[in-house]
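What follows is a single structure, written as structure tokens, with notes after it.
The first chain written gets the first letter, and so on, giving A, B, C, D, E, F, G, H, I and J; residue counts start at 1 in each chain.
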Amino acid sequence: MLFAVRMDVVLPLDLDPGLRDELLATEKAYSQKLQREGKWLHLWRVVGEYSNLSVFDVSDNGELHDLLWNLPLFKYMSVSVTPLAQHPSALAG
Amino acid sequence: MLFAVRMDVVLPLDLDPGLRDELLATEKAYSQKLQREGKWLHLWRVVGEYSNLSVFDVSDNGELHDLLWNLPLFKYMSVSVTPLAQHPSALAG
Amino acid sequence: MLFAVRMDVVLPLDLDPGLRDELLATEKAYSQKLQREGKWLHLWRVVGEYSNLSVFDVSDNGELHDLLWNLPLFKYMSVSVTPLAQHPSALAG
Amino acid sequence: MLFAVRMDVVLPLDLDPGLRDELLATEKAYSQKLQREGKWLHLWRVVGEYSNLSVFDVSDNGELHDLLWNLPLFKYMSVSVTPLAQHPSALAG
Amino acid sequence: MLFAVRMDVVLPLDLDPGLRDELLATEKAYSQKLQREGKWLHLWRVVGEYSNLSVFDVSDNGELHDLLWNLPLFKYMSVSVTPLAQHPSALAG
Amino acid sequence: MLFAVRMDVVLPLDLDPGLRDELLATEKAYSQKLQREGKWLHLWRVVGEYSNLSVFDVSDNGELHDLLWNLPLFKYMSVSVTPLAQHPSALAG
Amino acid sequence: MLFAVRMDVVLPLDLDPGLRDELLATEKAYSQKLQREGKWLHLWRVVGEYSNLSVFDVSDNGELHDLLWNLPLFKYMSVSVTPLAQHPSALAG
Amino acid sequence: MLFAVRMDVVLPLDLDPGLRDELLATEKAYSQKLQREGKWLHLWRVVGEYSNLSVFDVSDNGELHDLLWNLPLFKYMSVSVTPLAQHPSALAG
Amino acid sequence: MLFAVRMDVVLPLDLDPGLRDELLATEKAYSQKLQREGKWLHLWRVVGEYSNLSVFDVSDNGELHDLLWNLPLFKYMSVSVTPLAQHPSALAG
Amino acid sequence: MLFAVRMDVVLPLDLDPGLRDELLATEKAYSQKLQREGKWLHLWRVVGEYSNLSVFDVSDNGELHDLLWNLPLFKYMSVSVTPLAQHPSALAG
């Protein structure tokens, strides 16, 4: 079941650089684990913004919430979720 | 080069049913031709709305504009375009 | 799996009264069938507006889209969908 | 008398972790007491956000205001209230 | 129990003048009956707009919805409702 | 001459509790003085928000501005003003 | 007493040209009469839009509403009103 | 050449009172110098807000930008600019 | 003196095709005359929309308003104007 | 390939003046290097705001993102990007 998710990140201007690097490394590892598991299906940078557009493939709403809630950067993000369905003109099933 | 595109369709309430069917068939054929050519990469229905979220893979801005402008339903749509780039945490290149 | 759905209805001012009555009766029957099946879990009127706030219980995004798309009043509505999950403080599971 | 209430929480990034845990525990207890009393009828998490969608069943506007005003997290929330009424197509009374 | 209600009216430009006069007379009579009964507590014109700001005093949400739904101009209006409560600094009870 | 005024209050999270109590007491006294003088005609709490909806009866725009500007909580508020006039359907003059 | 007023005009695309000319002439005469009387103090075109920004000098809210309500183009306009007061740094009284 | 300019001021809550008084005095002097030179044509307080609506008469866009950029309070303001032109119904040239 | 102008076009769905072609040809000729005169400095299509982003070089606000007001498509457009000035980091004068 | 980019800058009020000057000098040098290379095609100040409207000429989305992401002021900006295409009425190719 697919969901489009847009994440907009605002890091505090005075975030400690060491903590920042650690956070970003943890976020990357977390994201890549989910990509390898096939749950974080697409991950694109929005040009010119500290934002991404992603597509998740999960078994239900609860799983999606847990994945997002546990993002290492979650408390620095605003997140919006759009549920997707099969389009009648889409070739792919 | 990837772009996310959201299309929201509003058909006139008094559109002739025959014309409507014809338009939708043309739109579907047009969309599937572009999907087969690898230019209309993803096409998802937004749940509960007469809308889609799509991703296009084109060689430049001009090609994207031409593809969208020539959509059979173009004059019944509002369209918004978001340029995408490679995300540093994305596994896929 | 639960989704909150808000539907805002705008009927054309010149809608034929007979057609209008028929549409509303069909909509009511459709809605009550889904309520009896346990899919349209809650249906509330928003005070002062031709709108409702509903909660659906469906097996996936695709089922929700089909239920909404087939609403007899769908083409007269704007619809917005909010996916819901279990809240950690909620008593009910 | 029913009201839909959406609460969006923003905790300060530098909130003391001990205080935070205490606040959340108090909020949970407060919420569950009202749920047990039948006043906080529904409590759902909005997927991907630090937000909930709730339905309250209270005797009047004043009671609703007091319940919300006394939420332990009230000063960290923005709250919006939508009065609900019986829908003519709803099976439940 | 008090509610602030703002009503914004848009009459169709081609509304038959006779029908228009009749509608406005019915609306006025309806409004004045509710004012006399003490349910439509305040009725003010918003300066420069075809709009009013009103305060209703009703026994519950359902009564308010019925009063608004039955406004002769209801289908030409957009309506927004704000529930009110006693303010701790207000002299009047 | 009547004006509707909505005031939304945001107190700093770290406001000193003693200062806060003093501010609120001053605000209450200020508000009640104006109510007794018949200038602050109505004062209602907006349910679920740290906000009020008020109606002022003043001799001109300048007087209204001075009353609002001197609110003890003014620098913690956002304020919006709507000029009101006699409604042709209102019973009260 | 001064008020800033912005008026945005939308004439129906199919308005009869003779009626249109008549309306615009009546509007101009109405506006110039009020300017000569000193009530419509300033009248500026907003560049690139069928809109104006005006300042009115009236004795009270009710007079302003009547002046605006009786604009020949009123039913083709959206109007927003901003009450003004003496600025402490202004040289003019 | 005329421009309408709206300035909304937000002073930091913890601004040093001495610095604040100095800033406001400098702002007032700056504003009155421009008024005397005929460049800051009108300056009105927006009722109930820490805002003004102004009209500037300058020789070009660049001059307007320099005047605004050098406002002593500029870094505490949000500013919006509306270019104005002669209105065909205006008596004044 | 430079201004950025965004124009969004909405042609009526039932516009006569002959009239439409004539309008578009007149618009094109009008636009190209102004480009040749150096007044319509830049003209870009916004990708995926019936819109353009333009830059005009005019002697004053009044000239810009006249150029826009006389666009053959003016009554089918919404237009927004942003005055521009020399940027301190720009190489070009 | 052209993109319009609007950048709105908010510097922290307590930014160290030395750091601020250094940042602005670096930003200017960065911007002028890109202008000289023909990638930052236009750079205009938005009148009355700490903002610019720019046009970039880049080979693809990724290049644009990298240029913007590396702006010395990037973390103090909000940025919005609009892809542009050749307009059929434009004289320039």
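We take it that a residue touches a chain if its C-beta (ideal position, glycine included) is under 8 Å from a C-beta of that chain, and two chains touch if they have at least 3 such contacts.
Chains and their UniProt names: A, B, C, D, E, F, G, H, I, J = Muconolactone Delta-isomerase.
In this text, all values refer to a predicted model and were calculated from it rather than measured experimentally.
Each step here moves to a touching chain, and the least such steps from chain C (Muconolactone Delta-isomerase) to chain F (Muconolactone Delta-isomerase) number 2. One finds 29 Å separating the Cα centroids of chain B (Muconolactone Delta-isomerase) and chain J (Muconolactone Delta-isomerase). Centre-to-centre separation between chain A (Muconolactone Delta-isomerase) and chain H (Muconolactone Delta-isomerase), using Cα means, comes to 43 Å. Shared contact sites, meaning residues of chain B (Muconolactone Delta-isomerase) that touch two or more other chains, fall at 2-3, 45, 47-48, 61, 64-65, 81, 83-86. Looking at which chains touch one another, you get A-B, A-C, A-D, A-J, B-C, B-I, B-J, C-D, C-E, D-E, D-F, E-F, E-G, F-G, F-H, G-H, G-I, H-I, H-J, I-J.
Contacts from chain J (Muconolactone Delta-isomerase) toward chain B (Muconolactone Delta-isomerase) in the complex involve residues 1-3, 60-62, 64-65, 81, 83-86.
The residues of chain B (Muconolactone Delta-isomerase) lying in touch with chain A (Muconolactone Delta-isomerase) in their complex are 2, 4, 27-28, 31-32, 35-36, 42-48, 52-53, 55, 82-92. Here chain D (Muconolactone Delta-isomerase) touches chain A (Muconolactone Delta-isomerase) in the complex through residues 11, 13, 45, 47-49, going by the rule given at the top. Against chain A (Muconolactone Delta-isomerase), in their complex, chain J (Muconolactone Delta-isomerase) makes its touches with residues 3, 5, 12, 61, 64-65, 68-69, 75-76, 79-81.
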